[in-house]
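As structure tokens, here come the structures.
Here subunit A shows up in two complexes: once beside subunit B, once beside subunit C.
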Partner chain A sequence: MNQIILGPLVVAGAAAALALVIALVDRVVNDYGEVTIDVNHGKRLYKVRGGSPLLGTLASQGVFVPSACGGRGSCGACKVRVLSDVGPVLPTETPYLSPQELANGVRLSCQVKLKKDIAVELPDELFSVKKFKATVERLDDVTYDIKDAVFRLDEPREISFTSGQYVQLVVPPYGTIKESVQRAYSMASRPGDSGRVELLIRLVPGGIATTYVHTALKVGDRVELVGPFGDFRVRDTSAAMVCVAGGSGMAPFKSMFYDMRERDAFPDKDIWYFFGARSSRDMFYLDELRRLEAEWPRFHFVPALSEPSPEEGWNGETGLITDVLERYVKDRIPRDKGLEGYLCGSPGMINACIAVMTRNGIAEGDIFYDKFA
Partner chain B sequence: MKNTTAEIAAYERMKPGAITAQGFLGDDERALADIIEADLEAWRRAGVDPDDAATFLERLESLGQKGLGEPTVVDGRWTVTVGDARGRLPCPFHDGAFHKNSIEAVDGTNGARVVYSDLSIHLLRRHRFCQGLGSPFRLDPEVVASMMR
Partner chain C sequence: MTPLINPVTLFFASIFTSNILLTNFLGTCSFISISKDWKSSFGLGMAVTVVMTITAAVSWLVLEYVIAPLELEYLSFIVFIVVIAAVVQILEMVIDRASPALYMSLGIFLPLITVNCAILGAILFMQIRHYGFVQTVAFGAGSGLGWWLAILLLAAIRERTEKNPVPAGLKGPGITMITIGFMAMAFIGFSGMIAVQ
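Coming up: the complex of A and B.
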């Protein structure tokens, strides 16, 4: 054999041998054996194989910590309080952790590698979070940019949740998108309809998940959902609910109202629902909610358009939803049992509504919305 | 110019499908350091400090925010539309996450237009990265400078 052929062969052989050595060393050095995850001061103990990140290892035990980036350390959603020493906080974690979280031992669970026994603290709600295999049963356009998607749960077949909570939709790789991502969507379905999950998904131009739902997803497709998450829910008081939403922010309210009506829950609570849209083409469920208002005395529906054209023949409220809200909270909504604010929409809308509500006497502590949004 | 290790990692995350569907580079084939260097030169030529440009864009955003998604005219000159989705988007340099929003600002005096998000402002202020040529979110120094004049 001449040298020209032999040279590359020797190099290739050496590289293969080196790779083998690295793999063997990795097996020995990184064999952390069995480690124990102690959750909530001994309440749950999981014996697992060490060496992988905490996030994925917990998921393998059926404990699903929220995640939006699939464990790549880029969403900050997977925070967990670690009570034992697991080494210093990594540079990939610090941008997502506040000084207070750092002081409390909060870490990104996708960045913490399990090398020895570990003790963590998790909110009890996380134990009811499951991963569901589901089939798209319906996929309808409710406006030009919002789809109403109904998923039938195949395995497990039922979800137990409180209206207001959300699930994470697992978006598989497609087109140029090489890795799976997860995105949060509030459930619009009622907890009583436990075999289905309904989501309202607004297209974000260029968005990874919403482009998938709006252009690739079809009836009959199988997807995965993880949930339920979140603590946005109706408070058990007699105070009237002042609810404000725009666009896909309709979802959790649809779930709350139909659930309250079905169970006659919180019977002392009056409900005022302000829904803002730009023009009729952004408005949806109008007839359905007006019907609900006619049938259910404690439900008051105030849809508003900010820019109706004369041809639309709009006979409801007009103006920005914050202005309409202000007119009503000032003197049209009875305050005898107190008021609570419930908000779902963009951060801009939420901030503007909080300003209106607080200057009209609703305490900031009585205004509820998804803090992560 | 040579890229640092952090820049190489960030460059990978800027490709389509890693953080956003279209990525941050458009059809620009230059190295990250070269894109940044050329834009710094463009800011110098235009006589605008990129920090001042970031402050200008932030101001348009906060005044445009009042429209809650409707086009709003700011100071009688710029028409600003702020749309936002819920959720956060990470910076490709892995040093923070920013509201998913998109702000369109059009200058009524010369028709100049930019589209940006909170992440774009961070990329400009912190990393001096205006995004590649052809990226829909590119903050072209000449265009932004013309809107500030």
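Coming up: the complex of A and C.
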């Protein structure tokens, strides 16, 4: 009888003693005390508790570095230039950093653990980034796989951004997904309509965020948005804009065009908008944009289908968007004031369009794009 | 009955003539997978050495003062495993603080030291050979260093075979197993020169 009690007691006692030792060591080893984060050469100083990754610690201070994966080191978005010594670059970071970035001390902020005082450089725009509590106001299907989602901002109630910028949608854990993730979507709403954010979200098979929006999200749900981010915007020149988009790449352009029309901004700029889709069922906002074209002389809308079936009765351009673009850029678009390229879509589409544009005399430095990762 | 072997002799014997890896084939899994890279091999070897020395000493104390007096020998395996797990846990925290790069490069193999059979093997040898405390520490440290030496040797050899024309069918694991076989033959040649018990 004694043996039966004694055995477990000894094992439990030994385990408890060792657990105590571990807890004590943890106290000593993982106590980094208070550390200071020096942002932009002393412009901002944050006193924080050390021991956690830089990304989350900055977020706790209200500084939101963009991150799509929520700090798991799988998106490579949360790059930050670190000016002080924080130890060698980790193997988890190297795949996301170019040799130039490595030489400049750029690190992934989610992988840098705060152990001592640190100096970092952050773009100033980041300080206008806020976390918004929002309510889903509308959620419409614009095609079979793209939803148009409108969020009403509750707290703070207004967002200040430039057309072409994006926000991160915070996707809470749902179904079998156990961790919260963030995904970036360009805003389709106008900056003038500052109480709302509109996003176009295409269903990506197997995508965590897009599946959430397409299957779980309902009107009236409360979500969080972080933003604005990004430097995709209309350049203040008189050169004509050659814009190319596919699918949900429509979003930033919708914002830009209606914003320019509303404010009559950049009055010298002509706009050529090429929108490519496979067939009619992938095409959307067609009537709306054609109406805009009719009312607004400097806006030219060129929708194109690559595989229209005869029964669709398609009367617009046909062919791959790159071929249509090439035909127009070659001789239909006046180039007396110069041309600028604006692209938004899949990396494949963007690379193909860059090739077409540079081949036709648009300098690479005048091509701006927003690539979906 | 504590054997009469001198701890210093035991220390060197367990490095060279009774290498725990190459004469007993304990801890072979991480030996093969980590030896691809010299730097990680160095780190893991060091970690194994530290864990082995500490766990051997702690286990000896537990065996001598808790298990033996209470006649709980049948529990010794469980208690040893718990000791190893705790020491590895502590070591993990210390390495993370001291050298994040080493921590990342060791990756999953650091917690897996817990189930590295060389560690439990060394403790069980200590138990069945009835070593005294000083002998145990010498044996633990020696066995760890022996393991470290073996993985460094293999890593160095693999760095060379990597660049040499190996027949296609033997690339990777094949040539590694053959290499280990040769190394073991060389080491086994010395075994028995010094009695370790």
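We adopt the following convention: the second predicted complex is superposed on the first by the 357 of 373 C-alpha atoms of A that agree within 3 Å, B and C clash if a C-alpha of one lies under 4 Å from a C-alpha of the other, contacts with A are read in each partner's own complex, and residues count from 1 in each chain.
Note that contacts are C-beta pairs under 8 Å (C-beta built on N, C-alpha and C of every residue); 3 or more make two chains touch, one makes a residue touch a chain.
In this text the structure is predicted, and so the values were computed from the model without any measurement.
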Open item on the list: Just to be sure I read the superposition right, which of the two partners does A:G175 touch: subunit B = first, subunit C = second, or both, or neither?
Closed with: first
Task: Residue contacts with subunit A in the superposition, subunit B compared against subunit C - done: B
TODO: Please work out whether A:R183 is in contact with subunit B alone, subunit C alone, both, or neither, and reply first, second, both or neither.
DONE: first
Open item on the list: Applying the document's definition of touch, where does A:R278 land relative to subunit B and subunit C: first, second, both, or neither?
Closed with: first
Task: Touched partner set for A:A352, first subunit B, second subunit C, both or neither - done: first
Open item on the list: After the superposition on A, what does A:R202 contact: first (subunit B), second (subunit C), both or neither?
Closed with: first
- [ ] Based on the superposed arrangement, let me know which partner A:T92 touches: subunit B (first), subunit C (second), both, or neither?
- [x] both
- [ ] Once the structures are superposed on A, label A:E307 by its partner contacts, choosing first (subunit B), second (subunit C), both or neither.
- [x] first
Open item on the list: On the A-aligned overlay, A:V129 touches which partner chain: subunit B = first, subunit C = second, or both, or neither?
Closed with: neither
Open item on the list: Output check: A:V242 vs subunit B and subunit C. Expected answer is one of first, second, both, neither. What do you get?
Closed with: neither
Task: Contacts on subunit A seen with subunit B and repeated with subunit C across the two complexes - done: 91-92
Open item on the list: Help me check something: in the complex, which residues belonging to subunit A touch subunit C?
Closed with: 6-7, 10-11, 14-15, 18-19, 21-22, 25-26, 29-30, 87-88, 90-92, 113, 115
Task: Complex contacts: residues of subunit C adjacent to subunit A - done: 62, 66-67, 70, 72, 74-75, 78-79, 82-83, 85-86, 89-90, 93-94, 97, 100-101, 104-105
Open item on the list: Looking at the complex, which residues from subunit B come into contact with subunit A?
Closed with: 13, 16-22, 65-70, 82-88, 90-91, 94-97, 99-102, 136
Task: subunit A - residues contacting subunit B, complex - done: 68-69, 73-76, 91-92, 95-96, 175-179, 183-184, 202, 204-208, 210-211, 246, 276, 278, 306-307, 320-322, 345-349, 352, 370, 372-373
